[in-house]
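The two complexes that follow have chain A in common; it is paired with chain B in the first and with chain C in the second.
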Partner chain A sequence: MIFRHPVFWLTLTFAGLMIAVPWRGNNVSMREDLILVAIAIILASNLNLMIGYTGYVNFGHIVFYGLGGYIGLYLATVRGWNLVLSALLAGLAVSLCALLFGLGILRLRGAYFALATIGILVAVQSFVSNFDPWGRSTGLYVSFDAYQPLGGARRALWITYFLVIGVMALSMILSLVIKTSKFGLGLFAIREDEDAAVVLGVNATVYKAIIYSVSAFLPAVAGTLMFYKNGMIDPSIAFEFMLSLEGIVMLMLGGKGTVVGAALGGGLYEKLRSFLLTSPKLSNFHLVIAGALLLLVVLFAPGGLIGWLYRLVPRSEKVIE
Partner chain B sequence: MSGILASMIDGLLIGAVYGLAAMGLSLIWGVMDVINLTHGAVIALGMFGMYLLFAAFPINAYLLLLPIIAAGLVLGLIIYWTSVHWVIDRPQLASLLSTFAVNMIIIGIGTAIWSTSPYNVNFVIRGITIGAYTFTGNHIAASVAAVLIALALELFLYRTRPGKAIRAVADNREAAELMGISSTMVLALAFAIGIALAAASGALVSTLFPFTILSGAGYQMKSFVVTVLAGLGKPLGALVAGILLGLLEGAVTPFIAVSWIPLIEFGLFVVVLVAFPKGLFARATA
Partner chain C sequence: MTALLEVNGVTKRFGGLVAVSDVSFTLAEGEILGLIGPNGAGKTTLFNMVNGVYKLNAGKISFAGEDITNRPPNEVVHLGIARTHQIVKPLYGMTVLENVTVGACFGRDYLQLKPARKVALEVLERVALADRADTSARSLTIAGKKRLEVARALAARPKLLLLDEVLAGLNPTEVEMMIGMVRGIRDSGISVLMIEHLMQAIMSLSDRIVVLNLGAKLAEGRPQVVVQDPNVVEAYLGFPDIVDKLRGVQ
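The block that comes next holds the complex of A and B.
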């Protein structure tokens, strides 16, 4: 059972702390820091489902986040629908798109798949930049009235923050549930040797399409919430290729294929990045430092932080998924 | 009608430069099964290399290609020994990430030095005017240079011993080693040549358009498209596919807004990947 798993309770405690600490002190700047951490964890955890579990590199993962943001923001502001409903619909719509795309491009393996995901990212970005109802390259703005249903802007920002933390907790729990399920075992089999997995009765085509689609859902929901909170969206921030790649750095840093590793890497990398960006001496070199870090991890510690922990304390592998 | 023709000829000229950029990517990919994500950053370095050299020695910019190619070879060896050699036998994710890490380092340093504001190389060759249309001399010279470099590479690969060794290692690394070829040396050489080609194409682009340190990314994307159209490890095919891509761009530009072009290109890219994963020029094999 999932409730017996220590990581489940760890996730809930973590999410509870992230809600309680800034809320108690009404600490807005801490909230803004933590929401970025939560978004990083959401992206890294869901990317982990593809890269860590299934062994397929998705360079264009951010397309789910951006497209979800656009669909949700369009429904919530232009159409004036309920925010939660809009976010869920955006998630469903993006998952459905991912399923359709996935059935096509998941016939490709290895590097070919990775390149196709870049192709999809650029094609979708280019489409949105030319799509009139979504404001082409200027994007969409949230008018101040749109925050009224949630009781004004001040309350709306806190509510979206709590929702984002909720999505973060769900992302980690989803990773845990999949990892401990038979479906997850099928994905691991595909990662280790796809041909052997097929021979042993894993329906690889269906499994891959499902996980690709599932990995799209929560990032799309988070996209709606985040861009609603920011008050605007445009194609260059919604589909930022760099953020897509940084998601991979987070995953490698924490340890791909593990629930805690994805969250740890996402959180740590986001903290590191905001420290470097705000430091006057180092802000110009944040890419250099992140790149050097990634290179060192890839060359010397391919298991990331969690892989290192497993080697140090072998028993931890039984407890920390 | 003649407007479309002129636009297509211009596309064809630029397409040769796309082709040259893609040849570097295609060579590395074909020989060692590594997707070189430093490609875009090296193209940008080629642009700035040309900018700096031309500022120091204001002679014919196309003569400056030679030192840029030489520097590219050295840079390629450095990148190979720091980030590629150690991961070459690991799963593909490792080399994707290690080359991407180098890409971040180069772009980071470049941004710190040159920021992201645009630069250009102020070198103009007089163009040719036919009727109402003028083809700029730079476009013609750049495409001629691209084709010459491509032919030189082809001669190198098919007529010299090191070139034949590269093709042997691409075909079958173990068999090549049994024949006494040092595959490590050959891989390093192929990687260096691939990087030098990317730098050269960047230098050529810098004589055509203004550029920033981030401009390489767009050409890297185009290189992926071209490489996939041509099929892996076929450098001359990449040149042809690059010219085709340029022609396509030239042919559609008069009819639709430029901002739609990426959608067409990358839509085509995904379709070709799925429908012809071995490239358009793949021979039917038994």
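The block that comes next holds the complex of A and C.
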């Protein structure tokens, strides 16, 4: 059972701390820092389902986050629906889109698949940039009234924060549940050798489509929450290609294919990035450092931080998924 | 005995090359059927058609009375045909036990993880890999990898096992062991269709032999009969009277 797994309790403790510490001191700036950490963990964990578990490199993962943000924000502000309902519907809609995209592009392998994911990102971005109901390239703005149902902007921001932390915990638990399941075993087999997996009986076509669709759901939900919190969305921030690439750096840094590694990489990278961005001397260099970091990890620690831990303490592989 | 596998007039073309042309044979339940032929005869292509990796250009394949022509490989496994690969394909990043668990999970019975792991352990015991269960598949020797191929296929609990050159690259002791294993598999009620180049082994193991040459069926029958067929000798050695001719030159 999943409740017996140490990583499950680790996730809950981590999420609990993320909620309790800023809330107790009513520390708004810490909350704003941590929400970015949580978003990074959500993106990295769900990207891990594709790259780490299934072996399919998705360069356009951010499209789920941006599209989810648009759909959710449209429902919550223009239509005035309940925020949680809007976020869930956005998640479902984006998952469905992903399923359709996936059935098309998952026939491709390796570099061709990776290129197709970039194509999807660009196509969706240019569609949204020209889509009238979503404000074309100026995007959507959340009017102040939209925060009223949650008791005003101050409370709404805290509630959104708690929801994001919830989505973060769910992302990690989802990763854990999949990793320890038969479905996960099938995905790992596809990652190692897709042809062999099919001959062993794994229905790779269906498995890949499902995981691609699943990996879209929580990022889309998080997109709704995050852009609702920010009060606006436009195509350039919703579909930021750099963030998509940084997601891959996060995974490599923490250790792809592991639940804890994805979260650790996401969290640490986000911390590093905000440090670099706010430091006056280094602010223009954060992508240079990200690139160098990726290079170092790939060359010297292909398993990332968790892979390094596995090598130091082989027994840890049995405990830390 | 009833026919378990019926291959009827199957043809496979790759562009202009006819790899397998109008081949038919049947395999009876409980039989070990050997498939031999020179390199490029179309043996592995035939395997790939039976288990659904290749689509047929013509012909029909049925298994246990059911038409399985052009069914995808993962469905063919569920119906009860498992195979090994000539060029071994371990899932390198996984342990030996995990490799075999995949076979059990997605095989004929579509087991859940726990029972699948149990089956996997039993099978590993059977192929003498139990002591390597927790090591990475990468660390196995070639003989070990061949046994892993067999174990994964067996874990699917097939009715028919396709063995593609499981003896190639093994030393005499390992060959001995593998031959014993194949006999054991048949005795446990699984029919076997095997490709093999090692004549001694195929002669002693097979109940019947099908010979392919240049994509077509050349001969079929009991091993002792087949090897004396002049056409077969010619396919392997050149002209059947080549020995006499060479003497004449001297």
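The rule is short, and it goes like this: the second predicted complex is superposed on the first by the 321 of 321 C-alpha atoms of A that agree within 3 Å, B and C clash if a C-alpha of one lies under 4 Å from a C-alpha of the other, contacts with A are read in each partner's own complex, and residues count from 1 in each chain.
Everything below uses one rule, namely that a contact is a pair of C-beta atoms (placed from the backbone, for glycine too) under 8 Å apart; a residue touches a chain by one contact, two chains touch by 3 or more.
Nothing here was measured: the structure is a model prediction, and the numbers come from that model.
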First, second, both or neither for A:M172, with chain B first and chain C second: neither
Partner chain in contact with A:V37 - chain B first, chain C second, else both or neither: neither
Partner with the higher number of touched chain A residues, chain C or chain B: B
Contacts of A:A196 with chain B and chain C, given as first, second, both or neither: second
Chain B versus chain C as contact partner of A:A238, first or second or both or neither: neither
Which of chain B and chain C A:S181 touches, first, second, both or neither: second
First, second, both or neither for A:V288, with chain B first and chain C second: first
Where chain A meets both chain C and chain B, residue numbers: none
Residues on chain A engaged by chain B in the complex (per definition of touch): 51, 55, 57, 104-105, 107-108, 110-112, 114-116, 118-120, 122-123, 125-127, 129-130, 137, 241, 245, 248, 252, 284-295, 298-299, 302
Chain C residues within the chain A interface of the complex: 51, 53, 72-74, 77-78, 83, 85, 89-94, 98, 101-103, 105-107, 110, 112-113, 116, 152, 156
Chain B residues touching chain A - in the complex, by the definition given at the top: 29, 33, 35, 82-83, 86-87, 90-94, 96-98, 100-105, 107-109, 111-112, 217, 221, 224-225, 228, 257, 259-263, 266-267, 269-270, 273-274, 277
Chain A residues touching chain C - in the complex, by the definition given at the top: 181-182, 185-186, 188-189, 191-193, 195-204
